[in-house]
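Just dropping this structure here.
Order of writing sets the labels: A, B, C, D, E and F. Residues in every chain begin at 1.
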């Protein structure tokens, strides 16, 4: 069962076409791809409206037809940087390469002697979670920026309504 | 023992006449009222000078003479929004209505199918914890903004002195 | 507002007539009594069937007619003995005497220089949570061992049924 | 995207043919199946030798050819029973039925008004994680009790050797 | 500053002559020795009567005259085996060899590619924390089993009295 | 073994000559000095580049030749102010005086009836962690601001490189 496996992490709030293009591109180089859903525990916030479970569902359906075998797995934020890599590796299948542009993640993986590669780039202005959430709040078009399956999931969970509800708030500011 | 019970949450730093007027107003509609003391674990901070225990004491004495049966119970901040409602309901008597204006709390209760009502309003400029703490720091009058019993509690615990001590700090900024 | 306040802690699974007699006896010596609901976070277990909120409700109703002013406040187990006293004192009104027979609690309070007294005894064979839960499981009489208000609360929450459900289990033993 | 989704939870230490037969049976009744990997955080113990990531990998490969769309998602033990259901539902796609025989899990789901069904039975003497781990320790045959893909994963991670190493210990018993 | 550093871990409840002989023996092979005080957070228990700070003090004074440069550092139990090694290495100076007989610790260090050596043995019947605590409780001789400085520390903190107090208890068994 | 012991806390990111001069000055007044390494769990951040273990090593080597007996012990941030003092005292040898300028720390120690003294001052513009980290990032001179041994430790762990890596980031901002 020895395979070439890679790890790629994002918040996916929501999963969009930029993520999709990175993943299909990485997929060409590996046997299996592990997609880490970062800040998994965050939800019902202006910048993190969707639960980990909802994001898993978005990814699984959006990638239904791609050729590579992939895993979509929640990764909680843990507050201690030096144990983050071993936390990740205990919750994922073994992998030998991590794809990331985040400098802290690069440093942590390299200190743990895991190979880091830069993922391919995509157009960040449009294909960003921030822009998509802004459009949702402004009742502008957003569905063309995400895979169809993601739009379906957001409809099923009434996600735009939730985003609007939690955006007018600083959390538990009684 | 089936009764009409409602839940109302605040930080009560300190408990003031605005809170008092909301509570007496809600009290007319219910058999029992559960007062959640939010951010219970926070204390000795510029915005949260009083312990949960001190806030319980303020509320119990301030409401000694009102007619409704009430509970004053600490509710810690927990960092995971989607479990917050079940955390609250496990630490309070059963209730069927929550009174709150906080959009996140409204969303969470409604997703859990608990009825939410807007509490009656009060004059927020004067009757606010922020204003009272500002006056305490500036040695201005503040006791007319809180029930007498609250002023007594703050005197017993030397609360103004503590507020002044912890206000000149960013917490553990060694 | 300086008053003579005492602290008494139990698990109250459920609150029974033994607890009641201890409390009425302590009540004669103090102005206010703080009743700590220990292991507050435990519930839905064979030895801890009731939530903190349900236990608060039992105590408040059972003591409705006693003369002393009392507080019923949840105290979670925390896993670090040496900070337990300061955890308790931050979540309760100030007190000067603790009533307990537990050797660890005695040691911790005495190291913190808080006076400890032995609470008065009661007949432990009958008036014990263990015996009452055994009777509930065996469909034997138990209501004469608790205040009427406690029996009412347990009926309202369908507590005996829950106890039976969670008793045949080792927790999350998948 | 509204679908009939069910939830099934186990520890899967390791995933074996008993699990496989339950899952193929449930799969006939639903559109999607969420497989919760319980006690996800436990690993490197005599009764829990495999990490959450390794168990995800076992399940994904063992079920590669079944017809139903499934998710394999880690579920950590959390120490507070009453929030367990909302913790699970925040980390999984929405589901309407839970399959379990565990009395505590039944009680918690039913209090949260989620339908519970009994999963179909299988021969528990042979098809049990306990028996398989016993055979691994005793160098007896065990591979016929698990799907081929699971045996491959355990070989890849040198799992039997790890089990032997961690079995002679009470954890961190310095 | 590159030096040969080793790591050795124990609970040291209390530090005794067996520990002393192991440490002086390891000290001959290294430039610096890191002594991890395991289960640091446990104290005021029958098997763990002393705080981390008290154990640090015992070790520092007991080893005052040995030649090697050493560190005595608390290591809390953390409940997740796979991150334990990175937790330890983030809280200690860098080291290249770990001395331990504990099978789990051996496995975890070896998976992290840190060299493990067996520490030299000592007579375990007498030189054991268990035996020393038993003697303390029974008012038998124990001071000849520990370095003089350790006996002094235990006297300063009135440790035998504390041990007796916390031994008659199952912790917070209200 | 009764001695005059004092407690002094800092973050030591990194340990510099300002800290050194404070410590040598306090050292004249006490038998033993406990140096608390605050925010111990923070590392690999722009303002907190070094691990607790690395900071312990800096301090131990920098102070090798001073006359007083000292301890360098990690103190994690804990999020509950009122238990902070008992957390500290459980992880340090007993002490009777704390040296600090932090208003919150002063308040907490004084509420716990521990004597607080102001540590002697030093030139804060140059001798500050902030300034030293700024110089490291700008490739300016910084080694003359720290003890030689600290510069050696930072070289051994390749600390400037790590600081540069983690400075271009907001943590786990996927």
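One rule holds in what follows: contacts are C-beta pairs under 8 Å (C-beta built on N, C-alpha and C of every residue); 3 or more make two chains touch, one makes a residue touch a chain.
As the structure is a prediction and not an experimental result, all values here were calculated from the model.
Shared contact partners of chain B and chain C, listed by label: D, F. Annotation: the chain B:chain F pair of sequence copies touches via predominantly different residues, less than half of the used numbers being shared. One inter-chain figure worth recording: chain A and chain C are separated by 46 Å, centre to centre, where each centre is the mean of the chain's CA atoms.
Rounded to whole angstrom, the centroid-to-centroid distance between chain A and chain F, based on C-alpha atoms, equals 37 Å. Across the assembly, chain C contributes residues 43, 51, 80, 82, 89-90 that each touch 2 or more other chains.
Chain-to-chain contact here is organised irregularly, matching neither a line nor a ring nor a star, and falling short of all pairs touching. Inter-chain contacts, as defined above, occur between A-B, A-D, A-E, A-F, B-C, B-D, B-F, C-D, C-E, C-F, D-E, E-F. Of all the residues in chain D, the ones that touch chain A in their complex are 1-2, 40, 43, 51-54, 56-57, 60-61, 69, 71, 73-74, 89-94, 149, 152-153, 155-157.
For chain C in complex with chain F, the touching residues are 80, 82-83, 85-87, 89-90, 112. Against chain D, in their complex, chain C makes its touches with residues 41-45, 51, 162, 165-169, 171-174. For chain B in complex with chain A, the residues that touch the partner chain are 9-11, 38-39, 77, 79-82, 84, 102-108.
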